[in-house]
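One chain, subunit A, links the two complexes that follow: it is found with subunit B in the first and with subunit C in the second.
For the complex of A and B:
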């Protein structure tokens, strides 16, 4: 039971990272990246590639591997973040601020291009990325957990906390929140709105890439793994309240918990439970659990 | 998705004549299909037809009603498994099973519509997406019933002269179904139904106040999309005589949405273009499997950038448009068909003890109002007095906390906004709420929604709308897009839309806001003429010149309380009114009384 909770929180914190990415782009541009899943998968493979190159060049030992893994995470975040810019330019900028949801199509298109490029590079197969601190199971009392779970959770929470502070305390964070609240007013105050939007996509894609590296040792990495992870991140963002970053984080943890607790009873039903939960929450709270209700003035 | 091109054929041509081109194309396609001998070509034609069926339903939902669903695969599965289980488990005849499939799918469509009605945009996408995934997992995991990845074998196909349908028969059947669907949807979407959906996509509140039940129409759109998608699934299952969970994927849902967006959402011909192009692309790219996905993805990435209204919308723009101003025939001068006299023994509308508070802010405190037919009433008061709130309570946009409203003796306190519009309460809005992408004529026809009735007396409605446009002086702009008109004219379009519903009570929320003095004077004359038609008019207005000039009766509201009632002369000299506007002490005289919140001396 406790084990399931820890597993759930681990996955949940990864969903929360992705949900935070959705929150960033939605509040600043009113658009979402439907290719986030492909960024997760490709991020994982960039991480795998980095570890592979480093191991081949420098030889592997246990202490070195921890650094390889850290470098791989940084590389994945950087590579995906940089890829977020062409995504923004090609798929988002033509449609941001316009009615309709053309960006759904264009981001899906970008994802398909990215995925097919990655497939030609890495192929269809699934691969394992070894966890940085080995595979052994720690025991505390009766509960055993894997080192990777702790790594993921600690890192994810650190990043979530860091973002929370950055959004409130730094100039850039204030710019982002200003654009989120009122784009026109922000532009009139001299904020370079397109730059903030591009940065939001950069950050969101970087978060997706990092998530890929973080989950790769837990699930086996394949180029198809991202879709369902990103969908759960999306669910987390929506049930938590797409406009509320802390809500997104809470949503992620909730989804992770529901998923792993359902798995205790039946592994096949966990996706069904997660998405039924989503439908149920939205039927009752259309703006998510912590979303602000938008009152339309008539 | 808004379409800029309104593809409405002339409404007066008889339905049979309008069907001729489609029937001709259908017959030509059937003839062409019968010459095909290559099974691969036939299969491609069959799938194109199935895609068209799915897409045309999706177009009603996504293109017209604006509900971008990402769960159509679930409905496709509902249809497919209906025929699969009915013919294999219960040995129902294949024809009956095929007929049952869209019905079952429509039922499932209602199921998904219910949670979807409360959410918009990305949340709607997620609810529908989650539904699609739940179905996908259910049919994969519940192997006892659905067979999972093993699938259901031996689905009974349709038969022709005792033999199972050959591929050629399937193609002919699909063409017949597609033409029938196209004609039926064309008939519905070019009339009242299509207008109602476009209106609710553009502005739900305005649509509701024009007498459209947004709730019912959204469910209807979901049902149409579900039934057609289910039919598509059933055809695929019967043609293959096999169906398994691999068909039901998120990609199928995305694909069905793409058919519509790429083809042209909100355009009757969009699904045809979408189905033709995406099927052709799939076949063409299959020659180079390595780059297939790459090109496919790039297409999606750039298609809507290059063609924002889809392929069909782009073609419509390139083609020379038919004579733009098909002149709207003006009939007799405007008369309103409802009896518009006060009921015996009371005013037309009586509002009693209406109270409303938002949190701690009381915007209506035991307000009573009595409005009479043939009279122009004005509701004035400083900003924040609760005037707009009162209009919103009267029209049912906001529920009152307590109190009662009776229209012509009937209690309407709990009635929905659209049913109040149906009973003859029409309104305009403080901030314009026009259906900008629709023509002026269509805006006015939406206003007449409830009066047209389900059977569609379309010609009569158009004549009536023309009379309304003539009355407000907009006849020459009938075919212009409402959003393209200058602001002053847009205000008048809103007024025309409200008048088109044959109102007994017309509520105008700051009708002169933003108008220049000449336009304001014209508006005043217009409102007086409306009063003379027999309508009870209530306007909220800050322009005191207008209010004093045309009102028969004025009600003054301050902080949710009625502080004075009477003729313009009485109001101008009422000390409480002067105090509410100017404060108790001598304040700088401001004859304009422009409604700015004044410093209060107390």
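For the complex of A and C:
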């Protein structure tokens, strides 16, 4: 039971990272990046590639590998973050702020291009990324932790907490919230609104890329793994409330827990329970548990 | 200071502004009056760059038509928009910090400005840590004005500052505007309360159907029968009073 809770919180914290990415782009541009899943997968493979290159160049030992993994995580976040900019320019900027849903197709299309390019580079097969601290299981009383679960939770919670503080305490966070609430008023403050929007896409893509490297040692990495992770991250954002970053985080953890606790009973029912939960929450609170309705001013 | 020539603004097929020309001189208070939908807000949005406009806008003798809104703010145009539009999920203090966004590399200057506007509006100082959405309408309007002033503009634009406010609060806001002008601020003011706007303004333009139909010194316009009829309640109301 406790074991399942740990596993649930681990995956849940990854869903929370993805959900936060959806929150960032939704509040600032009222659009969602449906290529998030492909950023997760490709991020994982950028991580794999980085580890591969470093191991080939410098040789592998256990201590060195921790650093390789850390660099791989940074590389994936950077590479995906940088790819978030062309995504914004090509798939979002022409459509943001205009009525219509062209951005749905344009972001999905961007994701497919990204995935196809990665497929031609890395192929169809699933691969394993070794966890940085080995496969050991730490025991605390009855409960065993896999080292990677601790790594994922520690990093994800640090990032979520850091974002939460940054959104409240820093000038950039204030600007982001101002743009999220009222773009015209933000522009009248002298805030460069398109730049803030591009930054939101950069951050959300970087979060996706980092998530890929985080989960790759737990699930095996394939170029198709991201879709279901991003779908659950999206569900997390929807049930937590797309407009509320803390709600998105809570939604992620909740989905992770439901998934993991259901698996105790029947692995097949995991996805069914997750999406039943989504339907149930939406039936009771159409804007999610902590969300509010955003009114688009024209 | 501001010179607008033949400005046109369209929303799709709807022409909201049809060839408007107007000037605001340094140190003046200029009022724009007109009914709902006359194009007052479109004119302001065209001047601040919030909507695309054709025609010429000169600010301090330089064309600004091709600039973005933040670039125009940086040159010295600030606006307190219609309906106040304060950042309701942030505190009073944070709203003022956002107003000083362009000066953020000079934190002492930002702090000095905030202190100055807390002196101008002591109510804001009392409520500095309060979330702006919980302020009264009058306090939000004070915040919107202070926030606009944070960028140290030379032209302050106000879109219906009296909207939804009690008369006594409106009077307070207008007294503040007079004080700002005596400190050298140039003000462009849109108002439905034509009476009060004309009382404080030097000159005024009357908009109707997206075009200027009347312009002149505020005092003369106040006595103009057409204005009295359309915007000041007419002769009947005047006789009753």
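Please note the rule applied: the second predicted complex is superposed on the first by the 292 of 298 C-alpha atoms of A that agree within 3 Å, B and C clash if a C-alpha of one lies under 4 Å from a C-alpha of the other, contacts with A are read in each partner's own complex, and residues count from 1 in each chain.
We take it that a contact is a pair of C-beta atoms (placed from the backbone, for glycine too) under 8 Å apart; a residue touches a chain by one contact, two chains touch by 3 or more.
Bear in mind that the values here come from a model prediction, so they are computed numbers and not experimental data.
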| task | Go through the superposed model and pick first if A:182 touches only subunit B, second if only subunit C, both, or neither. | result | second
**Asked** Looking at the overlay, what does A:192 touch: subunit B (first), subunit C (second), both, or neither?
**Response** second
Subunit B versus subunit C as contact partner of A:174, first or second or both or neither: second
- Kindly classify A:113 by the partners it touches after superposition: subunit B alone (first), subunit C alone (second), both, or neither? first
| query | Regarding the shared-chain residue A:227, is it in contact with subunit B (first), subunit C (second), both, or neither? | reply | first
Practice prompt. Tell me which partner A:50 touches in the superposition: subunit B (first), subunit C (second), both or neither.
Written response: neither
Per residue count on subunit A, the busier partner among subunit B and subunit C is B
Overlap of subunit B and subunit C contacts on subunit A, residues none
In the complex, the residues of subunit C that touch subunit A are 48-50, 68-70, 73-74, 78-79, 81, 85-90, 94, 97-99, 101-102, 104, 147-148, 151
The answer for subunit A against subunit B in the complex is residues 26, 32, 90-91, 94-95, 99-102, 104-106, 108-117, 119-120, 227, 231, 234-235, 238, 242, 268-269, 271-272, 275-276, 278-280, 282-283, 286-288, 296-298
Per the touch rule, the subunit B residues reaching subunit A in their complex are 1-2, 68, 114-115, 118-123, 125-127, 129-131, 133-134, 137-138, 141, 205, 250, 254, 257-258, 261-262, 265, 290-294, 296-305, 308, 388, 392, 397-398, 429-431
Counting only contacts in the complex, subunit A reaches subunit C at residues 171, 174-175, 177-178, 181-182, 184-193
